[in-house]
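What follows are several structures.
In what comes next, subunit A is part of two complexes: it sits with subunit B in the first one and with subunit C in the second one.
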Partner chain A sequence: MNYEFDWFYVKKGLPQLIEGLWLTLELTLWANVIGLVLGFLVAIGMLSKVKAVVWPLTAYIEFFRCTPALIQLVWFFFCIPILFNVWWSAEFMGILALGLNLAAFNAEAYRAAIQAIPHAHTDASTALGLNALQRIIHVILPQALILALPVLITNGIGIFQQSALVALISVEDLMYQGRYISTQTFRPIETLTTVALIYFAVSFPVSQAVTLIERRTKRLLAN
Partner chain B sequence: MDFDFSFLAEYSGVLWRGLLTTLQFVGIAVVLGLIWGFLLSMGRTSANKGLYWVTTIYVEFFRGTPVLVQLFWIFFCLPLFLGVELSGFTSAVIALSLYSGAITSESFRAALKSIEASQFDACTALGLPQGVQTVFVILPQAVLRAIPNLLSNVVSLFKESALVSAVGMADLMYVGQNIANNVARPIEILTAIALIYFAIGFPLTRAVSLVEGRLLKVVKA
Partner chain C sequence: MAFVEIDGLVKRYGSLSIFEGFDLHMENADRLVLIGPSGCGKSTLLRCMMGLEDIAGGTIRLGGDGYIQGAEDGRMTLDKRVQKDVGMVFQHYTLFPHLSVLGNLCLAPVRSRGVKKSEAKDKALGLLERFGLAERANFYPSQLSGGQKQRVAIARALMLDPKLMLFDEVTSALDPELVVEVENTMMELAEGGMPMMIVTHDMHFARSIATKVVFQERGKVIEAAAPDDLFSNPQQERTRDFLRNVLHIAG
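And now, the complex of A and B:
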């Protein structure tokens, strides 16, 4: 191998990469907001005994879990404007697709956590005279959040990685900027390696934190 | 808004070839990933510090970066490093297999870790040599316990494989986007593509939960 490294263009393009990273983080943040809230609502809906509620929600979850995120993203990008006659930015479409994708996975995480809450808690809520809404907010939500936390964070950081897909619908995220600089300067090795390292630098600490949190939760539950 | 799905019949041949390409990528990546992943998991459970660190960094890196970045890296950078031309097909296979190996090794490692210490004690008590212990006691149990995870890796790879369209491989995703651009009917064609992915992804996912339930019973019994 006699490749000569030249980091000049990476240094020069660094502000551009950082800008891309910010957009990536912004997409991740909003997708997670949608994923955490909608995911919980869907999980609660799945507890319903009404078939007309459970079936559409099941279809939604399974559909988003069983198809590639790329087709979801491309579908939103091309089809939503035609179907609903709205012209939202590519970024917004990206957030929407990623958020709905995440919500489907999070709903499963919440559901597993809710199932792990002992049935006695429901009885206790009834005995205390809590109504359904109070029970959901004060009894189910806090416990489901704690139990599901490791999976929710893992899913959330997964969306951080999946967000690189938005570069393919020309949203100027970290991936897009990296590709742009590498084709402009003919320095793919330096640029793409830097991009990979930036992604890694964000997701690795988070995945390590998950391991820590998991251990904490286990200890918390053991007591 | 009127929909017209009838024109899809015209493209059924191309879509079918696209689907076969997708399945081919998944098949190769799964097989190579199994071998590579097993070797990596040996490294990650090894007492050799050097081997442990190299394999750990590899696995964490491939799990901690977007597959799209890995794919582009292999596609654009590896040929420069090696000084040889790599076809899009080869780069896509390499990228997917390297990723597949990383997630597979984690499944094997978790399975190896889940084997109780008493099993090792029993082997010692029975006076089994190390080789016999690994091949006849540990390995069968580890493989059995890894099966649900390995299957769900297949589902992940099936979904990630849509990325190869980004480096010009004519898989299902690529074919679909191409037709959508040509006939200017994205709704029908992209929905059809999504449904085809779903028609394979959903039974696979179901199979994973089924197998998981079965194995749980076997392992507990």
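And now, the complex of A and C:
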């Protein structure tokens, strides 16, 4: 290989990359707000015994889990305006698609955690005179949330990485800025490596934190 | 009328029948220990009394005013006073792991009885002091030994001033050296006059804590007598067989 590295344009473009990173973080934040709240509501609905509630929710979860995030995003961007005659910004469509995708995965994480709480705790709460609602609010849900926490964070940081897809619908995120600089300057190696390292620098500490959190929650919930 | 009256209890799991007309009475001053081969329905009986199982027939009158009336269609009548008057401790520690010891003790009084937080806390600290667990008040269950967990579970049940305590094999999951501290706590409660029903496989403990021992087999009471009589001079052939087996294994 006879390649001479030249970092000049990357240095020059750094403010632009940072600007892209901010937008990426903003997308991630809002997608996580949707994912955490909607995912929770969907999980609660999934535990209902009413089939008219469970079936549509199952369809929603499976659809988002079994199709590529890329097609979901592109479908939202191109099809929703035509189908519903609404013209929302590309950023908003990106947040919506990523958020719904995340909510589907988070719903499964919440549901699995709720179902993992030993039935003995329900018996013990009943023996203590707690009614069904009190059991759920004070005994089952707090434990389930602690149990689900590592998975929720992992899913959340996964969406940070997946958000790079929005560059394809011309949202000016970190990925978009990186591609823009690399084609403008003919320096793809330097630029794209830098972009990858920025994604890594944000994700890695979070994934390390998840390992620590997981160890602590396991210890707390061990019986 | 006896303190506890179980009449004609019917309990089935699908096609498996546990009780078909089970009767048992207990007086206020009694500490009744249930013994018998595993699968004979000892734990199920306690669970029925606590209102944790649907019963298909019979009535259970408990402690104060609570009662449970079985029904074939699965719609038994459960008087809520049952859970108010009866406390239960389970085999597997059922402390809530996300709450501290104090949190475990105060949850039910504060949430289901509307006791003031400060009052519940004072009472909890008093109980923990009595059980020698005062310095563990702010620990989480994961930081306690098995014996400590069971003693906290007993304290948690006592927070609600039960008129009757049920103990379902509370030492079975413990390491042998931790059994004694839990049994001592139960003895202390017994000395304080708490009526109890206890399921245990520990015959020595049964003999020392019981005022009455009930030998049960296949959903029937085979023999019920004072502990000295039942252990030293069992009247029924099946009681003798059972005791010979468990005491031989234990000794």
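The rule we apply is simple: the second predicted complex is superposed on the first by the 200 of 223 C-alpha atoms of A that agree within 3 Å, B and C clash if a C-alpha of one lies under 4 Å from a C-alpha of the other, contacts with A are read in each partner's own complex, and residues count from 1 in each chain.
The definition used in the following text is that a contact is a pair of C-beta atoms (placed from the backbone, for glycine too) under 8 Å apart; a residue touches a chain by one contact, two chains touch by 3 or more.
Keep in mind that this is a model prediction, so the values were computed, not measured.
In the superposition on chain A, contact of A:L165 is made with subunit B only, not with subunit C. The wider contact with subunit A, measured as residues touched, comes from B rather than the other of subunit B and subunit C.
Once the two complexes are overlaid on the shared chain, A:I82 sits against subunit B while remaining clear of subunit C. When both complexes are overlaid on chain A, the residue A:I71 reaches subunit B alone and has no touch with subunit C.
Touch criterion not met for A:A52: it reaches neither subunit B nor subunit C.
Contacts of A:V195 after superposition on the shared chain: subunit B is touched, whereas subunit C is not. In the superposition on chain A, A:F204 makes contact with subunit B only, not with subunit C. The part of subunit A that touches subunit B in the complex is made up of residues 1, 3, 62-63, 65-72, 74-75, 78-79, 82-83, 161-165, 167-168, 175, 178-179, 182, 188-189, 192-193, 195-196, 199-200, 203-204, 207. Taken together, the subunit C residues at the contact with subunit A in this complex read 47, 50-52, 80, 83-84, 86-88, 90, 92-94, 96-98, 107-108, 111-113, 140-142, 156-157, 160. Subunit B contributes residues 1, 60-61, 63-70, 72-73, 76-77, 80-83, 155, 158-163, 165-166, 173, 176-177, 180, 186-187, 190-191, 193-194, 197-198, 201-202, 204-205 to its touches with subunit A in the complex. The touching residues of subunit A, counted against subunit C in their complex, run 118, 120-121, 123-131, 134, 138-139, 142-143, 146, 219-223.
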